[in-house]
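Below, chain A partners chain B and then partners chain C, in two separate complexes.
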Partner chain A sequence: MLWLMVVLMCAIAPQVLISIDPNEQDISRRCLSPALSATDGVRNVLGTDQLGRDILSRIVWGSRISILVGAAAAVLSVAMGVPLGLLCGYYGGKTDRIIMHIADIQLAFPSMVLAIALVAVLGPSTRNMIIVLAIGGWVQHARVIRGQVLSLREKEYVKAAEALGATDAEIILRHLVPATFPTILVIATFQVAGAIVTEAALTFLGLGVSRVVPSWGGMLSDAQDYLVTAGWMATIPGFVIAMTVLSINIAGDSLRQAFDRRFRDR
Partner chain B sequence: MQRYVVRRLLGALIVAWGACTVVFLLLRLSGDPVSLLLPVEASYEDYVQLKHSLGFDKPLVVQYWNFLKNAIRGDFGMSLRYRSPALPLVLERLPATFELTGFAVLIGLAVGIPVGVLCAVHRGKPIDTIGMWLSLCGQAVPVFWLALELILIFAVKFRLLPTYGRGGLRRLILPATAVGLPLAAIITRLLKSTMEEVLSEDYIRTANAKGLGPSIVLFKHALRNAIGPVLTIVGVQFGSLLGGAVVTEMVFAWPGMGRLLLQAVGNRDFEVVQAVVFVTALLVTGANLVADVLCAVVDPRVRYE
Partner chain C sequence: MTDVLLHVENLVKHFPIMQGTIVQRQVGVVRAVDGLSFDVHRGETLGLVGESGCGKSTTGKLIMGLERPTSGEITFDGLDIVGMSKKGLRAVRREMQIVFQDPFASLNPRMSVAQIIGEPFRIHRVCQKSERERCVLELLEQVGLDRSYSSRYPREFSGGQRQRIGVARALALNPKLIICDEPVSALDVSVQAQVINLLQDLQQERGLTYILIAHDLGVVKHVSDRVAVMYLGQIVELASTSALYSAPRHPYTQALMAAIPIPDPKAKRDRALLEGDVPSPINPPSGCRFHPRCSSARQICRQMEPEFTNLGDGHYCACHVQTRSG
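Coming up: the complex of A and B.
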């Protein structure tokens, strides 16, 4: 949790936390290993990369891209998947069958390969990557929400609302959406973690965000050529990604448990 | 069973068709693929000529019909980079990818099953806690970072294993471990929970009560009943294994399908991208089918209509 707070703070206000410019190059200071003591008056706690840029600063600034892409992709998947899930579950029929077939087809296909193929077509950029990740993520929401709505529809309070003459829109917005909200939140949390990893992987492969912007995946990609001389260049950003994903996953797990408990207590 | 297999195979074809259609449509709708293929200094005449020779001047429906007609015959067009048919190019690389993912599955099972069983047997003890934490971390670690760290440790530091190319077991170990360890983490968690369930069943108590040795009870009675979901999850995870293999192949210069895909993306060689998408879809659905059939073989209670 603490880790997650730090990462979020880094993403919101990197300039407050660190004064070194992440893009400032200094060839004379390249590939310095992590050290607490200062060399030539500047302290590079986590060392420097092949262009002499400060790794800590790049990690802090790189959190922006990860958090932005992760959160935006999750929000967009919710925006695409939840309405479809609600409609499929509530109305059923032919639309439901078609959409669920599409979902099945997509689920059978590896998301990483799909993402690469889509980026190939759309071209690499931050915006396109968010779109690609959201296309990969809507299915989960649509399927799970549909399933929930199918069972919620049979509940007394929904039947009561129907009997009182509530319109479909009222039932969906006032009763079904609030009831499915915990599920949406839990799925979206895990999706943020997944999106961060896929973003880093795509950027690592040169298919993601531009190399000018500091990003964790880009740092790992740079590090590849310097494994022998500067191993920390790979170890540090990878560790940061893994810790971030781990803490988001744990947060998702605790959210789910908290909601389950509340549900049981009712 | 036969009817089930045939139906599933048809399903696999539908998935492959759907995936190809998506790539086809996106390619045509998201701009002009012809201008992407031409060099910057190309003239308008070159443009028109290439557009005609690739069939891009025909209406979309006609293009799609031609695409489907050719795809059924296994013809995905010529690779612009390699100047040879796209599908055989992909199939040529398939054995390398199979070798990598197959070995990765073996590593996943070889690590995941013992650790999962250990955690279930020693439930609540330190060994269980450690195992569960390790598997939680294993699921959070990005494959490509794992690959880099393995290189750092086993190739750079201890100089034990080679880091690039294909050929022999020594070159296979590092990439397969990078792809296989996240799978091991998933198998550990799953097997632990199914084993715990099975170990509390009546027939295990009966087996213990009639004086069978603990290892016979554990492996013959418990593990055999708990292994079904593991096989299913290997089938389900095959897709993400392939995804992981794409990145890993790039890191280790492994001459497989994933590296071909990335090179094709870099060269804007869309025919090859389409062929890879088609083959991947067939592979993933095929792997799920194999997992389901294996499930029925291992556990005779499983019957498919």
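Coming up: the complex of A and C.
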């Protein structure tokens, strides 16, 4: 939780936390190992990379991309998947079958290959990255929400609302959406984590965000030629990614538990 | 009392059984309700009894318009419900309501009691927000619950209390007809009596008409004016409560009556116990649907479906044995 707060702070206000410019290059100070003591008056706590850029600063600034891409992708896939899931589950019929078959086809496709193909078509940029990740993520929402709605629709309290004369929209908004909300939130949280990993992977492959912008995936990519000589260049961003994903997943888990406790009886 | 509030004629509901993943085709039908006809008079309580799976609840849902019938007529207060548009149904629903069996599933766990009981007002936009609150409190009192309960959530209540909340919701719009779908079968016996008494009191106060769907013959006897016995999607016997309980005509009804426990361990009875299971409604037996389990079945029962005939005094029965011999 604490880690997550720090990462979020980094993403919101990097300039407050760190004074060194993440893009400032200094060839004479390249590949310095992490050290607490200052060399030549400048302190690079986590060392520098092959161009002499401060790694700590790049990590802090890089959190922006990761959090932005992760959150935006999750929000966008909720926006695509949840309405489709609600419609499929509530109305059923042909539309339902068509949409679910599309979802099945997409699920059968390796997600990384799909993402690479889409980036190849759309071109690499931060915005396209978000779109690509959202396209990969809507299926989960649509499927899970559809399943929930299918069972909810037969619940007596939904039938009761129908018997009272509620319109479909009223039933969906008043009864179905609130009931599925915890699920949506939990899936979305895990998607943020997944999106961060995929973003890092795509950027590592050179298909993600621009290399000018500091990002965790980009740092890993830079580091691969220096694994033996400057191992910290790879291990530090790798550790940060792992920790962030882990803490988001833990947060998602506790969210789910909190909701379970609140409405434990049906 | 002869004023007909609800008229049902030849009501049929078949559920298709579909198979196939991409192209679906129908492989059969479940004949949940197969040719029901009955009237409900204003102010009376009609009991609808039968084994599980005989189509009682489906009948209730059909009348409420929650399911669309395959064919047949339902006339409520002079209005044809079957052909009605969704909008028209909305208006009719102010006039009839349903109380469900499971008080744990019929209340949304995420809504407070005030929201649940206020929902009908909100849906039909009948009164202002401030007034709505007053209406909710009044309803709470009418069903015997404390006013302070309105801000609580369903999980804080017992089964009986929840069922009272369900009754309050059904009453909110002042309907003429309330369908009670097994309103007490999920409750403890002691609480059952309370809820039944509540329903009876409300009926007297407001002149309500009930259709009481149940499998508990004791409860039905206690509350109903007339009782219809269902078997495999059809009504086999319909008569006033006293006539049905004292002199059941249909062999199925006779068997049901014999199965009512008598609170006397010494009482000896020769019971006409039913053997075998209810046949599948996908493939009902030919002729009289009860003939495979009937002790007095004759040749004709296997071949011809018996007609639903008046045996006099509003006592209807569908049985060859009864109509032929007397």
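Quick note on the criterion: the second predicted complex is superposed on the first by the 264 of 266 C-alpha atoms of A that agree within 3 Å, B and C clash if a C-alpha of one lies under 4 Å from a C-alpha of the other, contacts with A are read in each partner's own complex, and residues count from 1 in each chain.
Please note the rule applied: contacts are C-beta pairs under 8 Å (C-beta built on N, C-alpha and C of every residue); 3 or more make two chains touch, one makes a residue touch a chain.
All values derive from a computational prediction rather than experimental measurement.
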{"item": "Side-by-side fit of chain B and chain C on chain A, or clash", "value": "fit"}
{"item": "Partner chain(s) touched by A:Ala258 [first = chain B, second = chain C, both, neither]", "value": "neither"}
{"item": "Which superposed partner A:Leu122 touches (first chain B, second chain C, both, neither)", "value": "first"}
{"item": "First (chain B), second (chain C), both or neither touched by A:Lys155", "value": "second"}
{"item": "Partner chain(s) touched by A:Val16 [first = chain B, second = chain C, both, neither]", "value": "neither"}
{"item": "Contacts of A:Ala163 with chain B and chain C, given as first, second, both or neither", "value": "second"}
{"item": "Spatial angle chain C-chain A-chain B, Cα centroids [nearest 10 degrees]", "value": "90"}
{"item": "Chain touching more of chain A, residue-wise (chain B, chain C)", "value": "B"}
{"item": "Contacts of A:Ala79 with chain B and chain C, given as first, second, both or neither", "value": "neither"}
{"item": "First (chain B), second (chain C), both or neither touched by A:His175", "value": "second"}
{"item": "Chain C versus chain B - closest C-alpha approach in the superposed model, Å", "value": "11"}
{"item": "Contact residues of chain A, present in both the chain B and the chain C interface", "value": "none"}
{"item": "Residues on chain B engaged by chain A in the complex (per definition of touch)", "value": "14-15, 18-19, 23, 26-27, 30, 136-137, 139-145, 148-149, 151-152, 156, 239-240, 242-244, 246-247, 250-251, 261-262, 264-266, 268, 270, 273, 276-277, 280-281, 284-285, 288"}
{"item": "Residues of chain A defined as touching chain B within the complex", "value": "102, 104-106, 108-114, 116-122, 193, 197, 200-201, 204-207, 220, 223-224, 227-228, 231, 234-235, 237-238, 241-243, 245-246, 249-250"}
{"item": "Chain C-touching residues of chain A, taken from the complex the two chains share", "value": "97, 101, 155-157, 159-167, 170, 174-175, 178-179, 263-266"}
{"item": "Of all residues in chain C, those that touch chain A in their complex", "value": "22, 61, 64, 66, 89-91, 93-94, 97-98, 100-102, 104-110, 119-120, 123-124, 155, 166, 169, 173"}
